[in-house]
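Have a look at this one.
For reference, chains read A, B, C and D in written order, and residue numbers begin at 1 within each chain.
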Amino acid sequence: MVPDPATRPPHGVVPPLVTPLDEHGEVDRASLERLVSFQLDAGVDGVFVGGSSGEIALLDTAQRRAAVEVVVRTVAGAVPVLAGTIDTGTRRVVEHARQATELGADAVVVTAPFYVRPGAAEIVDHFRYVHAAVDVPVVAYDIPSATHVALTPDIVAELAAEDLVVALKDSSGDLAAFREILRRTELPALTGSELFADTAVQVGAAGIVPGLGNVDPHGYVRLHRAAREGDHATAAAEQDRLARLFRITTVADRSRVGFTAGALGAFKTALAVRGVIAHPATNLPLRPLDDDEARGIAAMLDEAGLGPVRAN
Amino acid sequence: MVPDPATRPPHGVVPPLVTPLDEHGEVDRASLERLVSFQLDAGVDGVFVGGSSGEIALLDTAQRRAAVEVVVRTVAGAVPVLAGTIDTGTRRVVEHARQATELGADAVVVTAPFYVRPGAAEIVDHFRYVHAAVDVPVVAYDIPSATHVALTPDIVAELAAEDLVVALKDSSGDLAAFREILRRTELPALTGSELFADTAVQVGAAGIVPGLGNVDPHGYVRLHRAAREGDHATAAAEQDRLARLFRITTVADRSRVGFTAGALGAFKTALAVRGVIAHPATNLPLRPLDDDEARGIAAMLDEAGLGPVRAN
Amino acid sequence: MVPDPATRPPHGVVPPLVTPLDEHGEVDRASLERLVSFQLDAGVDGVFVGGSSGEIALLDTAQRRAAVEVVVRTVAGAVPVLAGTIDTGTRRVVEHARQATELGADAVVVTAPFYVRPGAAEIVDHFRYVHAAVDVPVVAYDIPSATHVALTPDIVAELAAEDLVVALKDSSGDLAAFREILRRTELPALTGSELFADTAVQVGAAGIVPGLGNVDPHGYVRLHRAAREGDHATAAAEQDRLARLFRITTVADRSRVGFTAGALGAFKTALAVRGVIAHPATNLPLRPLDDDEARGIAAMLDEAGLGPVRAN
Amino acid sequence: MVPDPATRPPHGVVPPLVTPLDEHGEVDRASLERLVSFQLDAGVDGVFVGGSSGEIALLDTAQRRAAVEVVVRTVAGAVPVLAGTIDTGTRRVVEHARQATELGADAVVVTAPFYVRPGAAEIVDHFRYVHAAVDVPVVAYDIPSATHVALTPDIVAELAAEDLVVALKDSSGDLAAFREILRRTELPALTGSELFADTAVQVGAAGIVPGLGNVDPHGYVRLHRAAREGDHATAAAEQDRLARLFRITTVADRSRVGFTAGALGAFKTALAVRGVIAHPATNLPLRPLDDDEARGIAAMLDEAGLGPVRAN
């Protein structure tokens, strides 16, 4: 039976899917289908299409649509599909949210406005308008490294008090603020951290949204289960292994590519090495990793015990 | 005769037009027409629609289109029309640029990618792809306060060396970097500063793009003429008067609205007080200024000698 | 028997003592003695004099000396005394470190150089020189909110590999980086976080250095014990209580005082309310909290179950 | 006749002297004397010892004292001597200011408190206390790249209104703020910019304090004279030459040394190449430039027409 995200907010392991591209730079539907199947097989509790890891800021209209379509169709109701509708302003977010809803997304994920410099009350208004304009639940997404605008605990508390959002995805890296939100609200909060996912669950996170989960969903599913069951040692051991694996994001030569290409390029390269997706390409203007870097990533996959994925 | 922006890059006074909205939040075409006429009457050398002052980050697709349409039609070839095609990624910028070109824009204005964190080479690639994809000249736009990504002198020098852009709009506020670009390249560079426009022209700027020019284009036209003619005293006196007028952007209570609403709201309020546009409303989620704030702005307009604008 | 910090690095609960001042602005020796006794009675494992909470950046030479003298004499070998020798440059740090050593400090606590903008290798050199110049163990102190220079995991790994420091105090607020250091080195690492002290211990911190520990050392001693014993529920409950108490740092009106006065003024006000120190004054140029703010803090102390401290 | 800084605030060309060191890392008095004579011969209007270019943050007590002593004695009243008394807190600044005054400094230069995070009112208080505690005029120094605390126009206006300082040295790089201060106050304001010194004078700066003036004081004296006399073309040509010379600060390999070592090391290396000082060494923990970098700097000196300085 299909979970109802209106009654059960996002929870558990919800990987923010990369958006595989083919040799022409278009969405590689077959690869995206395989990625979704790979995630479902691993036992994830939801998927997030069109997040930062999905290169949402680089996708054109057709690519955004294609990604949501493929994911909704492939998931086929097995788990909730969250769609990122990330943009600079309210009206633009509403446009994306309506598209995503029509395509079958179960919830939309919304950041603070950016490029502009909004005040706290205007950020709350942004969510108020989006909430009123779309028919599916809204998940608030705090990612100040990208937006340079923080969803502070005060803002999140207001969103929770007015029931404007059903959950928070927190990619701030700030555990103190995350715990303040857990303390002050009933809002389910998921962490975007790859590196303290175990801790987040132990202190009360409703779930985890790790970009590295694209590459090793089984690891994060094990981590999550152990953390929820209070088996801290197992969760910590898994976390340590995944933290070492996360070093794939530091392989790229930063004099050639920026931070984003280094991280997302590594996820895609690792997925290509594992045979899940066909091409490691990222979207314009990000530069691809080179062969040496790909070999470095392959070696780290080996070290983490991650081999080719078998089709099923 | 119509200037040809392919042979004559943007220059002179090029105000970044606000986008007036009606009571329903849609583009107020009549007000925008009046604003364009007001600017042309004042003797501006070009107009920039869909810049930061035009709330580009908050306009939906229909609003973006409407703003460009109205401006192109009203300008009717009298001066070049630059259209902002500002977005987070290359493909998204290309989408906007094609639309703007179809609607008749003479050039498009493009920032670095943002939300993502690109490397320097990837930023140059971004302009390389946009340049290849669109049929009109591209103007580079440096506004790190919005994008949090700088177009450094090294990057601009590369853009100039490869003829990827025909001009730079520099809103960095960094005069040292601006002069480095003038020293190292032949690229026409326009400043976005309201506050040292005279200086910028004296050190070699090809033009000025002041948001406050919406409110007092005659002042900036006088400033620009004096500065170009080497009459520094007159230019400085005009600059001082305009700098005092710029205090309208500090009237709004910053515990209620953010920086952007305070600045753009002030421009629009001043234009409404002067009778150029019908409503001072800014786009969602920016909050409007209140009546007290509007009175404060009206008093500053009086002090600056700016009364109602007569229709012609 | 006195612990030997050369063989046993700092560990456990090590409060960063405030520096009480009398009505003339001089170090209030009697109050500082009472504060030390209060901490020792609560069972702390060490004390840190002259840290950020000790207003080290605001103390003149005589005050620095007085504070270390009083603390060393009052502690009388019961626990190790760490002395902050925080300053902008290597030679200045060495000057302070020699003074502190002569006065009997068991270890010195050293940040990256600041005001200047050092490279990573120069930061390591800084610790290399300090290590060579002083006779007591050195503790590295990462507090980028104050220094604007980070001790990255790479730098700390280098410090550990060369045995330049015996421990790290991490006040970065960045749990992911903290765990990376724990994973990559054997270096004992203490957290400066008041808000995730329990978590830090659970993931392997050697100790905690909470500014709020001035006010409620018993709480942090209980938290630390529970966390070390794997009783996460008790530790988390204590952490939640302390996190609520930490709201005393947000009581001060931030239009009147800065962040530092708000936080340190709150610690001192709370200690004065509890009868541990005589005056809540902070050093010039920090402004004192006002009576309303003091009453707000007193109410929060009540709520946290913290009453007057009995002399013993 | 000796200028009286109490009646004539700092003005004209006031180079922020580097502090030459000998092979043992102590102040090289002979080199410092030569540097002072070189500056006086070039016609500077004052000297600033112990500024950021003087590595004030890295000098120990003896070095601070030695530098002021040598400069005061060598200047011998020919021009005013400003002494930097830069430190994190009020009492520490007062300590330094009293020392500098005893050693004969004519004025002291004071930044906002740093390491701590003061509020605006506390920053004004800082200057209030320092003003009351020292017998010589105080110059406010805004250098947010070092202190991470800005002296905003509002703060400076308050300092001016209360006569707490006799001048401002503005190293913010923010020409708009600099001009706001000139517009709002009568306070003499000097720019610390090497790169728009001509502009600053043209818009009303009372003087210039360029670190690069150590290397080419004659150039800045010519620039200043031309700018004051309204000969903008000559001033701009000189400024352009000096801006190209300023590229010496970018020669050092930034993977080996930090920003400060790259800039100050270049000034000292250039002075050593020109024969003014004996050694290019900077203070611990800054790393010296290497031989290749020194050759690169020598080539740039050649290109700028700067040869060995003859003793006189």
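The criterion applied here is as follows: contacts are C-beta pairs under 8 Å (C-beta built on N, C-alpha and C of every residue); 3 or more make two chains touch, one makes a residue touch a chain.
The model shown is predicted, which means the values in this text are computed figures rather than measured ones.
Asker: Which contact partners do chain A and chain B have in common?
Answerer: Output, common partners of chain A and chain B: nil, no chain qualifies.
Asker: Can you grab the rotation angle between chain B and chain C? Superpose on CA, round to the nearest 5°.
Answerer: An angle of 180 degrees brings one copy onto the other.
Asker: In terms of CA centroid distance, which chain is the most far removed from chain A?
Answerer: D
Asker: So the centre of each chain is just the mean of its C-alpha atoms; given that, what is the distance between chain A and chain D in Å?
Answerer: Roughly 49 Å separates the two chain centres.
Asker: So, what's the distance in Å between the C-alpha centres of chain D and chain B?
Answerer: 37
Asker: Among all residues of chain D, which ones touch two or more of the remaining chains?
Answerer: Correct list: empty.
Asker: Can you name every chain pair that touches?
Answerer: Inter-chain contacts occur between A-B, A-C, B-D, C-D.
Asker: Applying the document's contact rule, which stretches of chain A touch chain B when the two form their complex?
Answerer: Checking each residue of chain A against chain B gives 52, 55, 57-61, 63, 86, 88-92, 94-95, 113-119, 121-123, 125-126, 129, 145-148, 254-261, 283-287.
Asker: Could you please specify the touching residues of chain A with respect to chain C in the complex?
Answerer: 173-176, 179-180, 183, 193, 195-196, 199, 202-203, 230, 232, 236, 239-240, 243-244
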